[in-house]
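Handing you a structure now.
A, B, C, D, E and F label the chains in the order they appear, each numbered from 1.
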Amino acid sequence: MTTESLIILFYILVLASYLGFELITKVPPTLHTPLMSGSNAISGITMVGAILACNELGYSTFSKWLGMLALVLATINVVGGYTVTDRMLKMFKKKK
Amino acid sequence: MTTESLIILFYILVLASYLGFELITKVPPTLHTPLMSGSNAISGITMVGAILACNELGYSTFSKWLGMLALVLATINVVGGYTVTDRMLKMFKKKK
Amino acid sequence: MNIYIQIAYLVASILFIIGIKKMGKTKEARSGNQLSSLGMLIAVLATVVQVEAVSLVEILICVVIGSAIGLFIAFKIEMTQMPEMVALFNGFGGLGSLAVALSYYWLNSQELNANIDAITGTSTALSIFIGGLTFTGSIIAFLKLNGKISGKPITFGGQHLINLILLLLVIVASVFAVMYQADSTYVFALVALALLLGILTVLPIGGADMPVVISLLNSYSGMAACATGFVLNNNVLIVSGALVGASGIILTQIMCKAMNRSLINVLLGGFGQTVSTDGGDADEIQVKEVGVEEAAMLFDSASSVIVVPGYGMAVAQAQHVIRELAEQCEKRNIDFRFAIHPVAGRMPGHMNVLLAEANISYDKLIEMDEINGDFQNTDLVFVVGANDVVNPAARENPQSPIYGMPILDADKARTVIVSKRSMGKGYAGVQNELFGYDNCLMLFGDAKSTIGKLVGEMKEM
Amino acid sequence: MNIYIQIAYLVASILFIIGIKKMGKTKEARSGNQLSSLGMLIAVLATVVQVEAVSLVEILICVVIGSAIGLFIAFKIEMTQMPEMVALFNGFGGLGSLAVALSYYWLNSQELNANIDAITGTSTALSIFIGGLTFTGSIIAFLKLNGKISGKPITFGGQHLINLILLLLVIVASVFAVMYQADSTYVFALVALALLLGILTVLPIGGADMPVVISLLNSYSGMAACATGFVLNNNVLIVSGALVGASGIILTQIMCKAMNRSLINVLLGGFGQTVSTDGGDADEIQVKEVGVEEAAMLFDSASSVIVVPGYGMAVAQAQHVIRELAEQCEKRNIDFRFAIHPVAGRMPGHMNVLLAEANISYDKLIEMDEINGDFQNTDLVFVVGANDVVNPAARENPQSPIYGMPILDADKARTVIVSKRSMGKGYAGVQNELFGYDNCLMLFGDAKSTIGKLVGEMKEM
Amino acid sequence: MRIAVLKETKDYENRVALTPDVVKSLVKKGFDVCVETGSGLKSSFSDQGYIDAGASIAKNTKEACQSDIILKVNSFTEEEVSMFPDASVCISFMYAYTIPEVLEVMKKKNISSFSMDAVPRISRAQKMDALSSQANLAGYKTVLLGANALGKIFPLMMTAAGTITPSKVLIFGAGVAGLQAIATAKRLGAVVEVTDVRPETKEQVESLGGRFLTVEGVEAVKVEGGYAKEVSAEFLQKQKELIQEKIKDADIVITTALVIGKKAPVLVTEDMVKSMKTGAVIVDMAVESGGNCEIAEMNKTVVKHGVTIIGESNLPSLLPINASQLYATNISTLLLHLADKDAFKWEMEEEITKGSLITHKGEIVHGFTKQILGI
Amino acid sequence: MRIAVLKETKDYENRVALTPDVVKSLVKKGFDVCVETGSGLKSSFSDQGYIDAGASIAKNTKEACQSDIILKVNSFTEEEVSMFPDASVCISFMYAYTIPEVLEVMKKKNISSFSMDAVPRISRAQKMDALSSQANLAGYKTVLLGANALGKIFPLMMTAAGTITPSKVLIFGAGVAGLQAIATAKRLGAVVEVTDVRPETKEQVESLGGRFLTVEGVEAVKVEGGYAKEVSAEFLQKQKELIQEKIKDADIVITTALVIGKKAPVLVTEDMVKSMKTGAVIVDMAVESGGNCEIAEMNKTVVKHGVTIIGESNLPSLLPINASQLYATNISTLLLHLADKDAFKWEMEEEITKGSLITHKGEIVHGFTKQILGI
């Protein structure tokens, strides 16, 4: 990777981080767990990386197997994470 | 410019814009004018562009003259803008 | 590009972000502005280093000239001229963007005969267009605020149609300028069109709306800088331009809300006139309104406050929220008292009954004779639903039916805020000139609900 | 890369941002989560399109397996097991990042024998390290919460020193792994070290601190994803990883504050035990505390509220803020009443006097006998400085000195919030078991000031 | 000039025209003040107090009357006026149209007289408005009298021995006295309902936490100069129906409805009294001008049909200390408006002078008085 | 069983032991209730009301007494007791140690008697606590009496005719009555200052907006079972000094300080009265047990040294409607605790029974009474 593109990625990193800070400045404690869980699901974005990683022909190589392992794990994280979060948040509906 | 790098610049654009939105969500009216003036000074960042633009040898070409004009104008914007803003903000100190 | 320069740009960008954030809070605004100017210094220095002194002398001369002009203007002007100055600077910034983009275009298309790719070309055109529009628009705004042009909206038939046509022409010119780079006609046409559109869109707007327009144009100048960033493939320009563009739009929206107009209304040629809302019963009195937030800031920065309650407080049953206000002020060590006029309300002791109900200590309630001398040393008087009892006509106008009635000299305070629902008259049915005084601000709305909001604001500060 | 795919990634990033923003607000949290999952779908689909079905079958199989496991776990678990599930998923995510990075490293260094440049290499090492740490740390946290490992902090001498040494070894291993890519020993050493560190750092932490740890590990897994993004030069990974990393850190900090611990304390090996603060006078009663914000949310989501005032309200002079609370609730159409116990306070009619002072209408005040049947259908009971008059011992414990005194059946409500300063006893000097009930939350602090803050929160919602 | 304060002679009168504090301020302004001995006793002001304030004490009325200006609370008697020096000036609550005989004597002696009850109710005269100041105190006192006579307490009280429901107070008329009565009854915790003929009083009543009983379906009542003018028969009929309904539940009824210069309207008939709860209380503030309650008796507290009816004619006098303080401020402010230490100004066209001057050098000059007396 | 309500015979007594409402609930529970004619008249309850509630009316005391349970507010007289059937049960405020003669008669007739004033003040007996319920009303009434006797108004009032400063009320004792007095005086707008020997009352006083006068530099007072025990001489001395200081400014002084079973402590001496403002008012609630004010006279309102001193011995009786309501709830709750419609339970070791039972089948069994009577 060139330093040029590294810097640009750095811009993105900094801006996104700052944005993350700004967005979560005052969350009520009731939302702590769902928020944690929801953002955890987002971190399952490695799934994208995993797909790229197992994009090789053949099952034979170590890296391919690793990629597939990664894909399974990341998928669990993504699917399980979003579903659990949704279940939690459903409870917050106003009881009438 | 390649679309590749365009997209990356776009990331930066989007993130920065969103951040701008987030930052200025609730400004008290008293700060409207100084805020306007201060961010106006920031937009004088074209000064950077202007410096790049007049980075040519010789005064003879049109583009060079334009670049120098731009530099003068942007400098006015930057220097005047920051100074005026500061003058305004000085008035906000608590009278005791 | 050198990595250190890139890092310098990144640092500058972060400083701009932090600066803007801080500028949204009264207490930190000044340091925010300083941080952002520091960021600018870093960016400029980095750029100068980057160009490696190829044409350092010219650059230096230009910067010195620009700085001198900027400082001169900045120090010469009166505080009251601030908004027009902002407009002027903003115009210069816009023209600067235009010049940079044009310079780039010219250099490549005419001088180097290189080809500008479509993306860069589009960015260039955008930069020229927005920059030009910002320039002339700002200048018109400047002239209007300055009084050089009439503040009245200057309108003519079919202006929306003309603007639309011009806009279409802009697009056409842009496309042609990118496609036929050898022919400089198109780009000059674009410049001309941009300048013209700036004039035409701002001219029809009334002087009262100018601050909104300036804020919008400010946002535009940010976008122009951003477009320049795309032209030069420069991140710091993009970040700061986007930042200014976005925060400018939000700011514009906030200002619109405060003026009770919709942004769409302003954005699309709506840009029209404000409907003059104060008519009729207010007779000739011209009042200044104040919003809840600003009122809260005034309380926050006062060191002594006197509340003048009247019949309207009783009607609104605002005594309890006023106690909260008192608590907020006491928390800030603001000297907070009540001036009780002997005939405030509709029965003797009306205010006493209500304030006692709200548990306000007796020793905060001061009689008229005792407190009248203190008004002139008071930062802020808050008149809540009182009218006749603070009407200076009782002192000054022998023709008035209330002439001779002793009143509370609320008008002598540094600032007066009056909370009432409208320009309605009091028991005696007479107009109150106090409301039009220079130091008087009207906080319209039912006393209980507005003061409730005021307290809410203060709690957050 | 195809521009459409890039745009899809951009859209996904934006959806993540909006999703996270919305998840900070109760009312919008669910739709926020849905938006973010939509973003994920877009990102994944775009990626699948990008890889152009080279190995579609395997990918499909993996995804199906992963989804099945994820869904199975997500639906099987009880609501009470949520935090440990989050930990488990988080661990999987971490391991996923590790695997991706390792795969990339292996592919290039071992299989393709290509050279990985320093920057990418560093990113890879970071990704492996953080991913591994996250994995084992999360698993330990999971086991602790699950009860499989004792929730007690497991400590041993010199653990900070050992951790420090391991960390140094991690750095060494990373450097070597990047420098000598042909030798895979280093990278595996790195993996082992990361896994070990994860175990060692979390093991000494008490079960009560686990939520903070999980939140922190969650933030780490975000960083791991971000590092993977640098490895693969993929923007969506960077944006979402950074987003999760930053918001996770902030969230951790907020949680620390709520638990009265400093983040530094947790971040650095401080990671220590919580000092058990509830001792002595609370005897055996274990109470659950609630913060002002959460209390505000509970009010917000209730449809019926009964306030039980007691002597503490009188002491705190909280009647006026309670009126504000009533106003806030009425604004939300919440059924809001007061249950007046005949001997609440210290004189007959004590509550009546104070509530009348605060201008609360007589028909909101309900006698004990009339309201006692309603508690069980009430969402929320707010006990303000009352103690004996809601003590279930009077009903249930013939040994209690207050046995036989009729009480308000506050405990029958769905949720009870009790505002008092401490675990102090009431007039009768007896312990109140209600405070330890499952449906009871304690809002400690002077009633006037806490309710004041509560109202402030509600106003903002 | 010398000012005299006469001792009140009327029954049930405890007030005094000037208090030591006010005397002191008048003395400071250069007046001589002479107070008849024992004038302030009933309102807790001793002769010594007046002496300390700079007044002299007159042994009897005659001695006191040797002054330029003579002050009193109640109207002067023939006997008193006959003791006045020729061409002297006197001020008091005269209700001049009720005392033609006294006016006769004044004519003989060229007396100029101002009446406190005739001071116009304009903004700038508020400080001299003794009607208001006294009505205000009366409004407070009337509630206390009623509360004291009632066998119940006012506030809602939830106690171990059961809940005591709040008392219901029904108030007729939301003038100065009525409003203060509302405020006082509310303070004590009662539920207060109010009726008045002037529609603008609704807002005022509500501003004090009272509930206004609106007489539905009748046009508004004309108001002139702040006073209610005679109202239509239809209105009164509808009002009566409303009252009949409400009065059954009332624990205390307070009537303050006056129409100036006329007999007070009858608002509570004997039948209504019969329909009331045993143990209820009526306080009739208008008893002096005929009473709003048909069967109220002046200066008596009677129990009829199980209802206690209080007919105090002089309520402010039951708060003599405050009542005298306020009256003294009112009368001295008027005096200082009319005169300085050397002489009266006699600005006959000035509004306050014109409004309050009853006789000038013996001649009746006051329009309203003339009109009623038919001169 | 048949319950009788006797008519009160004591002077200044307007209450009645049962109200129609309570009678109705007892009848529902299966009791027969018989009310002596005219019992409820003074508290606005007619015979007809009782009949409607299901009671029978007895023509005279004798007829009424032919019952199993006899209820009254005040203690029974020898004459009444001699009319009781043998072995019947009676309940009232007996203050048994003050009536040894009556106890003699009870012994002869094997009467069992419970005394309302002896009901222990434990949480579960709060509903039977007539001392509290009556003291509470007394606290309200005492302020009204004081306010009514004062020549001033309570609240601060800023009017066109000048500012009326708020009245100062000084209250001794913050027991049940004292606290209610504080609340009532505050409501009316007075400035309230309070002194008590029990330090924990400070917080209670402040919770009602009163200002607590702390006697500095003396150790705390012992409290037993909620009642103040005799306090040290040093404390009383310091308290006296404080009071001497404060009483000069007071407009109203209310004393509620009782020490059970003893003569009330003297808190306001004659010298202090002399130092007070003319026109001030003292209400002595302890006048029946000797008075907190040295020169108060029982059941009289006297003016001494310019100060009005009110010595009502029976304040609750001045609010007969509410007082009877609450008392009826208290006494019927006690009765229902002790008996059902068929018989008494006679759980002699149960705390409430034990505390309130004075004589059992003629024998005096009440410890405190025995102790005082020296048996």
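Observations, loosely collected:
Going forward, a contact is a pair of C-beta atoms (placed from the backbone, for glycine too) under 8 Å apart; a residue touches a chain by one contact, two chains touch by 3 or more.
Since this is a predicted model, take the numbers as computed values, not measurements.
Note on connectivity: the fewest steps through touching chains from chain B to chain F is 2. Hopping across touching chains, the smallest step count from chain D to chain E is 1. Seen from the Cα centre of chain D, the chain whose own Cα centre is farthest off is E.
Shared residue numbers account for over half of those found at the interface formed by chain E and chain F, and the copies are therefore classed as meeting with the same residues. The mean-CA centres of chain C and chain F are about 69 angstrom from one another, to the nearest whole unit. Mean C-alpha position of chain A lies 74 Å from that of chain F. A straight line joining the Cα centres of chain A and chain B is 35 Å long. With centres set at the average Cα position, the gap from chain C to chain E is 57 Å. Shown for chain A are the residues that touch two or more other chains, namely 3, 5, 8, 11-12, 15-16, 18-19, 23. Residue numbers of chain F whose C-beta contacts span two or more other chains: 126-127, 132-133, 136, 155, 157, 159-162, 164, 187, 189.
Among the residues of chain C, those in touch with two or more other chains are 13, 17, 235, 239, 317, 342-343, 348-349, 353, 357, 359. Chains touching one another, given as pairs, are A-B, A-C, A-D, B-C, B-D, C-D, C-E, C-F, D-E, D-F, E-F.
Those residues of chain E that touch chain F in the shared complex are 14, 43-44, 46, 126-127, 129-130, 132-133, 136-137, 140-141, 144-145, 147-148, 150-153, 155, 157, 159-162, 164, 184, 187-189, 277-279, 306, 318-322, 325-327, 329-330, 333. Of all residues in chain D, those touching chain B in their complex are 1, 3, 6-7, 10, 13-14, 17, 21, 235, 239. Within the complex formed with chain D, the residues of chain F that make contact are 122-124, 126-127, 132-133, 136, 139, 176, 179-180, 183, 187, 203-204, 206-208.
In the complex of the two chains, the chain C residues touching chain E come out as 311, 314-315, 317, 342-343, 345-350, 353-354, 357, 388, 394, 401-406, 428. Those residues of chain A lying in contact with chain D across their complex are 1, 3, 5-6, 9, 12-13, 16-21, 23-57, 59, 61-64, 66-96.
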